[in-house]
Amino acid sequence: MTEITKEIVAEHGLSEDEYQELLRVLGRVPNLTELGIFSVMWSEHCSYKSSKKWLKTLPTSAPWVICGPGENAGVIDIGDGQAAIFKMESHNHPSYIEPYQGAATGVGGIMRDVFTMGARPVANMNALRFGRPDHPKTRHLVSGVVAGISGYGNCMGVPTVGGETNFHSSYDGNILVNAMTVGIADTDKIFYSAAAGVGNPVVYVGSKTGRDGIHGATMASAEFDDDSEEKRPTVQVGDPFTEKLLLEACLELMATDAIVAIQDMGAAGLTSSSFEMADKGGVGIELNLDQVPMREEGMTPYEIMLSESQERMLMVLKPGREEEARRIFEKWELDFSVIGKVTDTGRMVLTMQGETVADLPVAPLADAAPEYDRPWVKTPIQAPIRGEDVAAPNDLGEALIKLMGSSEIASRKWIWEQYDHMVMGDTIQRPGGDAAVVRVHGTGKALAITTDCTPRYCFADPVTGGAQAVAEAWRNITATGALPLAITDCMNFGNPQRPEIMGQFVGCIEGMKNACLALDFPVISGNVSLYNETNGTGIHPTPAVGGVGILKDLAHMTTLAFKEDGDIVLLLGDLTGEMGQSLYLREIEGREEGAPPTVDLAKERKYGDYLRAMIEKGLVTAAHDISDGGLGVALAEMALAGNIGAELEIETDLPPHAALFAETQAAYVITAKPDDVEMLRGFALADDIPLHILGTIGHTDLKIGGWLTISLGRLRDVHAGWLPELMAGPGSEQE
Amino acid sequence: MKAAVIVFPGSNCDRDLKVALAQSMGRDPDMVWHGDSQLPPTDLIAIPGGFSYGDYLRAGAMAANSPIMREVVKKAAAGTPVLAICNGFQVATETGMLPGALLRNAGQKFVCRDVNLLITSQNERFVGGFELGEVVRFPVAHHDGNYFADTDTLEELEAEGQVAFKYAGADGELTAEANPNGSLNNIAGIYNKAGNVLGLMPHPERLISEELGGTDGRRFFDHLVNSIV
Amino acid sequence: MKARVYISLKNGVLDPQGKAISHALQGLGFGNVLDARQGKTIDLELTGADPAEAEAEVEKMCQQLLANTVIENYSIEILD
Amino acid sequence: MKARVYISLKNGVLDPQGKAISHALQGLGFGNVLDARQGKTIDLELTGADPAEAEAEVEKMCQQLLANTVIENYSIEILD
């Protein structure tokens, strides 16, 4: 028996206080397996010990929310007896170590979260943050991550329909890979994780358990292992084929009524899945570890409980339904094993080879999980930068060209062409627009899906940045004509034990909360990833937001592409000329400074609701919100998407570069048929909504009177060229 | 008319193909499990896209050895029309129903996008709905679509009119840029000698309505169904 | 008993992976690389103790599944 | 000069391809297959005539590009 020393406790990431608490709960010294289980349960990842206090402040309910945070994924009602189930999750660290497998298993993990709840995944998204483009590792990481997402998602046959990609030096040593999955289920066929029914069988299905990803504990356990083979891999390898089988088998079993509860084995594998199921159900669980299907010989209880092997699920079945379930899993050539039963003891009892190897109280262990109120300081706010404070460029046209070919704005086609974004036959808006639109199979309605966050805003002003992330997601959904319903989030931050970082977290949450409330856009699921630091430098705070909305009728949908010669271009909203944190400032002036643009949530709501109503009336032929790069970039993107130019005139008191490139919030560019403009203006006037005519669509140049004239060809070259050129350099080869 | 869609573990365009066929046929095709050794009576066998057996070892290799494929090969030899799309095409070459092989894309990457295809031979049953020399648009989505055959086979394919589709520019020009995967002679799809088996990498079932962005696929299936009935 | 199967592309079959690898190596400054070809190995763990029998079995496996003889060559090595 | 690099997954790393191959072989009636692991080979054609130098160069190539040392092992053979 291994003696539990201070070093072993420390290697398990438990603080002195936490270990004392453990002793109190348990009433004795734990054995190594028990210590491993505690360390996992009380890790930041599983216990949310630094973030819980603040996460609780986010709004999570609305009449259409069926299940908020706390389950594997959140659930909303989308009408007609159907629900959308979705969540976003990070796989940052593994993706940095091994980009292909790290990203692939991230995708696999998030899909399991969604189909565990009874949904068929219908769309994947990915929010990626890489270091500066010329960092020596960037190409390798981009190519590996994209190939990994592609490799897993494509094989699963779930379309990857969108995402976002940023490059910034703050991610040089710590990239972010956030994956989101959206699924659809019937509202009366949603599955939860609370175990119930004393005596019911606990069943393991999927892949066998190997020594995959036994994390920080690796060293500790290696020391106590007699056959010290080679150093164990801490990276898991994904097997998308097995996951595809697992998906089909689970959905087949879910069509019966044999399942009482189900939970995927994600991070912390069998430990967290079994504890969560027992804790939620207020029951005990007894597991016989000899029955766990194993890939390798001589695995210890410690290894079995902490393994992060992928493509596995744990279920509680109704009594007597084992054989029926077994037949389904065997048909799909998957392992199936009854490994235990539900008990009324409130304890988790693990046995192996006739011996009790762990015996832990479930509720006390869960209840005693640490929760910290970490000290935090408010992020100092910088002064706004107005147009007048910024020198005018020599040439407005060249400035726009530079922005269109910059790392933040350039087309991501190189990425999404590697993703099968059409499989399942319901992708109505492919990547490249504001939000992806995916039809609900067999109906005339659709989901609009987007991910958004502008980390440089969050870094400059977390409260504004947090609100902006939510507002932009809401706008992107609105721009398609859809009604935004709810969000998931992935809170990526640095070390929470540093008060400045904790202050960023607290600020972002506050901003998000304000926006969610103002926009009726609750948080229904999410994930927190802390300690994203290298050498003491944290990443930009990155609260990635994944939004979902509903289009009740596909007949009323818009895209951002300019449609037809003669359509009128209008600006919905006001140009504020706020230049702080703009890409213009960064790309043209080389400055990352100032306060980010103001987020006026009342205006967001009002202007967005107006736009949606106008789209529904059929008065809008194209719509695109203003974000990175401002009005100029928005216009250029619409022209490129439609392959038609425009002749425009912008009347403003602002300096031209501020009018064109300030990243004004709560604003859209829309187009309409000439005959409909009066109606649009009438509705706008009645609601006191600013709507300005900018000009007319036509020809092959983007022409802004007195300011610039650029051919679409030139715009397309820089916009389309940047990423392929970057990736053509060395280091980007794929396996 | 009756059609059968073969389903392997890892198939993932089976539903899409079913929807496309049903739209044109007015009834659902039969979905046939790879482990079955019998095909229901059918006028058309369709092998869908996806990643049968994860595309492990070689794309299509394991599926080619499944019990149902023995039956499919027999039926094809007896003249039943077979439509093999994407992974289905890979399976068909692995069984020997179609000559050549599909290698890793020249660009190494999975590629998903619309491509233009030149109709390069007249096969009334499969492409009678299009003109010879017409350019149609279907999407591709594959990692291993780089068509290879030895020189003799290639010459024979061309000479016998067995090349069904070639990747082309919008104006029908056969350029390297139009070729998404490095296929020899820009080949996107081929027939067997008898002309009753068509294998192609692009996915006609993905463009079957205006909502989805195009209807060339719809035209393809409508004609196929009409010509078989 | 252990057997190893080597599978390589036939001469004359374009090897995109090999090409990418040599290109990448040259890009990394390995100017001495003239060409690269990628192949695969499959290591099999077999029951039985007769090497000749094992080889015959593995030969059958190659023909039926492991290699695609349209494009690939294979060779078999019985390891112990 | 020719060199061959063998790349295989480290022990304990899941090998989905190998798993599927052994499964498929068993399904085809090769009951004697206990396990399969898939690896790859890279055959390099190099300039220069010094085997020791070549090996040192290939070693660098493996570290920098050819092998993913997080999950893979490699070995080098100089063929002539």
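For clarity, chains are labelled A, B, C and D in written order, and residue numbers in each chain start from 1.
Throughout what follows, contacts are C-beta pairs under 8 Å (C-beta built on N, C-alpha and C of every residue); 3 or more make two chains touch, one makes a residue touch a chain.
What you see is a predicted model, and the numbers here were worked out from it, not measured in a lab.
**Q** When contacts are scored as defined above, which chain pair ends up with more C-beta pairs, A-C or A-B?
**A** It is A-B, judged by the count of C-beta pairs in contact.
**Q** When the C-alpha atoms of chain A and chain C are each averaged to a single point, how far apart are the two points in Å?
**A** Here the centre of chain C sits 40 Å away from the centre of chain A.
**Q** Taking each chain's centre as the mean position of its Cα atoms, how many Å separate chain A from chain B?
**A** Averaging C-alpha atoms per chain gives centres 35 Å apart.
**Q** How many angstrom lie between the CA centroids of chain B and chain C, rounded to a whole number?
**A** That pair's centroid distance is 29 Å.
**Q** When the centre of a chain is set as the mean of its C-alpha atoms, what distance in Å lies between chain C and chain D?
**A** Those two chain centres are 9 Å apart.
**Q** Note the residues in chain D that touch 2 or more other chains, in rising order.
**A** Touching at least two other chains: 16, 20-21, 24, 28, 38, 65.
**Q** Among the residues of chain A, pick out those that touch two or more other chains and give their numbers.
**A** Residues 239, 241-242, 333, 733-734.
**Q** If a residue has to touch 2 or more other chains to count, which residues of chain B qualify?
**A** Touching at least two other chains: 53-54, 56-57, 62, 65, 108.
**Q** Thinking of each chain as a vertex joined to the chains it touches, would you call that graph a line, ring, star, complete, or other?
**A** Drawn as a graph, the chains make a fully connected set, so complete.
**Q** Name, in rising order, each residue of chain C that touches chain B in their complex.
**A** Residue positions touching the partner: 12-17, 19-20, 64-66, 68, 70-71.
**Q** Would you tell me which residues of chain A are touching chain B in their complex?
**A** Residue positions touching the partner: 147, 150-151, 154-157, 239-242, 244-245, 332-333, 416-425, 427-428, 430, 439, 554, 733-734.
**Q** Can you list the residues on chain D that touch chain C in the complex?
**A** 6, 8, 18, 21-22, 24-25, 28, 30-48, 54, 57, 60-61, 64-66
**Q** Tell me, which parts of chain A touch chain C in their complex?
**A** Against chain C, the touching part of chain A is residues 729-730, 733-734.
**Q** Can you check the complex and tell me which residues of chain B touch chain A?
**A** Touch list, chain B to chain A: 9-13, 15-16, 19-20, 49-51, 53-56, 108-113, 139, 141, 143, 203, 205-206, 208, 211-213.
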